[in-house]
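Following this line, the structures themselves.
Next come two complexes built around subunit A: one with subunit B, the other with subunit C.
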Partner chain A sequence: MIWQLDFLFLILVLICALAAINIKDLLSAVIILGAFSFFMCLLWAEMGAVDVAFTEAAVATSVCTILFVGAIIKTTRRSKD
Partner chain B sequence: MLTTVYENLIVQTVCRIMVPFIQIYALYVIAHGHYSPGGGFQGGVILTASLALIFLAFGQGAVTRRINRRLAVILASAGVFIYAGIGLLCLLLGGNFLDYAQLAKILGVTIPRARSLGILGVEVGVGLAVMAAMYSIILDIAGSPAKPETKSRPISENKP
Partner chain C sequence: MLDFIIGKFNFWFYVILMAVGLFAMLAKRNLVKKLIGMNIFQTAIILFYVSIGVKKGNVHVPIIVGGHGHEGELIQAADYLNPLPHVLMLTAIVVSIATTGVALAIIIMIYRRYNTLNEDEIIEIRQKQLEAEV
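Entry: the complex of A and B
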């Protein structure tokens, strides 16, 4: 429970979230979303919720990224807006 | 679609080395779910991640040759059956749903031991169901379409 570490991870999570919704290339957005999940996992683990961190690392970092990449390959890589 | 396989020796060798360790770790997470963080859901997802790694490195044929869609549906149903079966077994033995203490009557062990074994059985069921369901979702999203479309094609090809 070191609040400086919490604050550092929170800043990194915010940077990753803002980058993921602002970037035009969807494949880069998926990779940044994976980094978002990783920092979120570190934040959970640092705050003592190890089981939630485990689930976040297993689901959001691996399986969600694979599903997003599969969806991008079947549709288009460029964002329209 | 991820159906085109790009032969890459480094990726395939690293995948071949890593997959057994990932699967052993997944089984460890499932088996120690009632002592430590982790459990059936996380272990099942890690098992799915190892299958997805084979899928990405060797193509869809390599992974559907080991577990095809039909077997995936059967495994998911078997996992739900194990979970509900243990719960209903406790109900039949005179307790509440998932009341593991009642399992001590048929297992012949003490009540704390019976609770531990009951939770282990439930974790195994959840792990099977999650692994098969997530594998089926990945096949549906990233793989090529299922077989039945190609079965009717030879009949229509005879027509000019």
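Entry: the complex of A and C
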């Protein structure tokens, strides 16, 4: 575990989380959530949890984003907050 | 005190991330935004649990060194990361995907019935419907 790398990834994860909840367009928010998951995956690979990292990359990042995008296509993109 | 804050900086980040998720779940009015907040909250908790298994110093990932054809060698458990939180959180990730899928299905049903995703508007329409019934 390299603490500089850990710190960098944690800051990127935090920026992605704040951007995902503050952006008005729902599709953009979901894509930023996908970026959040990818940074989380890097963080786990860096912590030595390799199995968790590739499960996150294979399942959480792709399947979760696809489900969200499908639901947004079925409903609406606009959001007031 | 400063050593306590800086030395465990990653735990502070997990607490902030968890607070961001909880804020989105409580304060945002859009249902998809609430779901995004729930995802962030779950990931922060999983991150906390995985970070418990990390050891400092010269340790391997949990794959036995020389595991194939070197049965006679002695294995020290202290030389490896703790794999138990990893395995438990693997299950938690898959469960979180299933929860998200069910929640999105419910959101699509709500949109078909009320034609909006804003929580305030849904409550307003629901109250009007209840008054019309009485």
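The criterion applied here is as follows: the second predicted complex is superposed on the first by the 80 of 81 C-alpha atoms of A that agree within 3 Å, B and C clash if a C-alpha of one lies under 4 Å from a C-alpha of the other, contacts with A are read in each partner's own complex, and residues count from 1 in each chain.
The rule we apply is simple: a residue touches a chain if its C-beta (ideal position, glycine included) is under 8 Å from a C-beta of that chain, and two chains touch if they have at least 3 such contacts.
Quantities reported herein were computed from a predicted structural model and do not represent experimental measurements.
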With both complexes overlaid on chain A, does A:I73 touch subunit B (first), subunit C (second), both or neither? first
So, A:L14: does it touch subunit B (first), subunit C (second), both, or neither? second
After superposition on the shared chain, which partner residues are touched by A:F36: those of subunit B (first), subunit C (second), both, or neither? second
Touching A:V63 in the superposition: subunit B (first), subunit C (second), both, neither? both
Have a look at where A:F54 lands relative to subunit B and subunit C in the superposition and call it first, second, both or neither. first
Have a look and say if subunit B or subunit C is in touch with more residues of subunit A. C
Doubly contacted residues of subunit A, that is, touched by subunit B and again by subunit C: 50-51, 55, 59, 63, 67, 70-71, 74
Which stretch or stretches of subunit A touch subunit C in the complex? 1, 6-7, 10, 13-14, 17-18, 20-21, 26, 29-30, 33, 36-37, 40, 43-44, 47-52, 55-56, 59-60, 63-64, 67-68, 70-72, 74-76, 79-81
Okay, in this complex, where on subunit C does subunit A touch? 9-10, 13, 16-17, 20-21, 23-24, 28-30, 32-33, 35-37, 39-40, 43, 46-47, 50-51, 53-54, 56, 59, 61-62, 81, 85-87, 89-90, 93-94, 96-97, 100-101, 104, 107-108, 111, 116-118
Please output the residues of subunit B touching subunit A within their complex, sorted ascending. 1-2, 29, 37-39, 41-42, 45-46, 48-49, 52, 56, 134, 137-138, 141-142
Help me check something: in the complex, which residues belonging to subunit A touch subunit B? 50-51, 53-55, 58-59, 62-63, 66-67, 69-71, 73-74
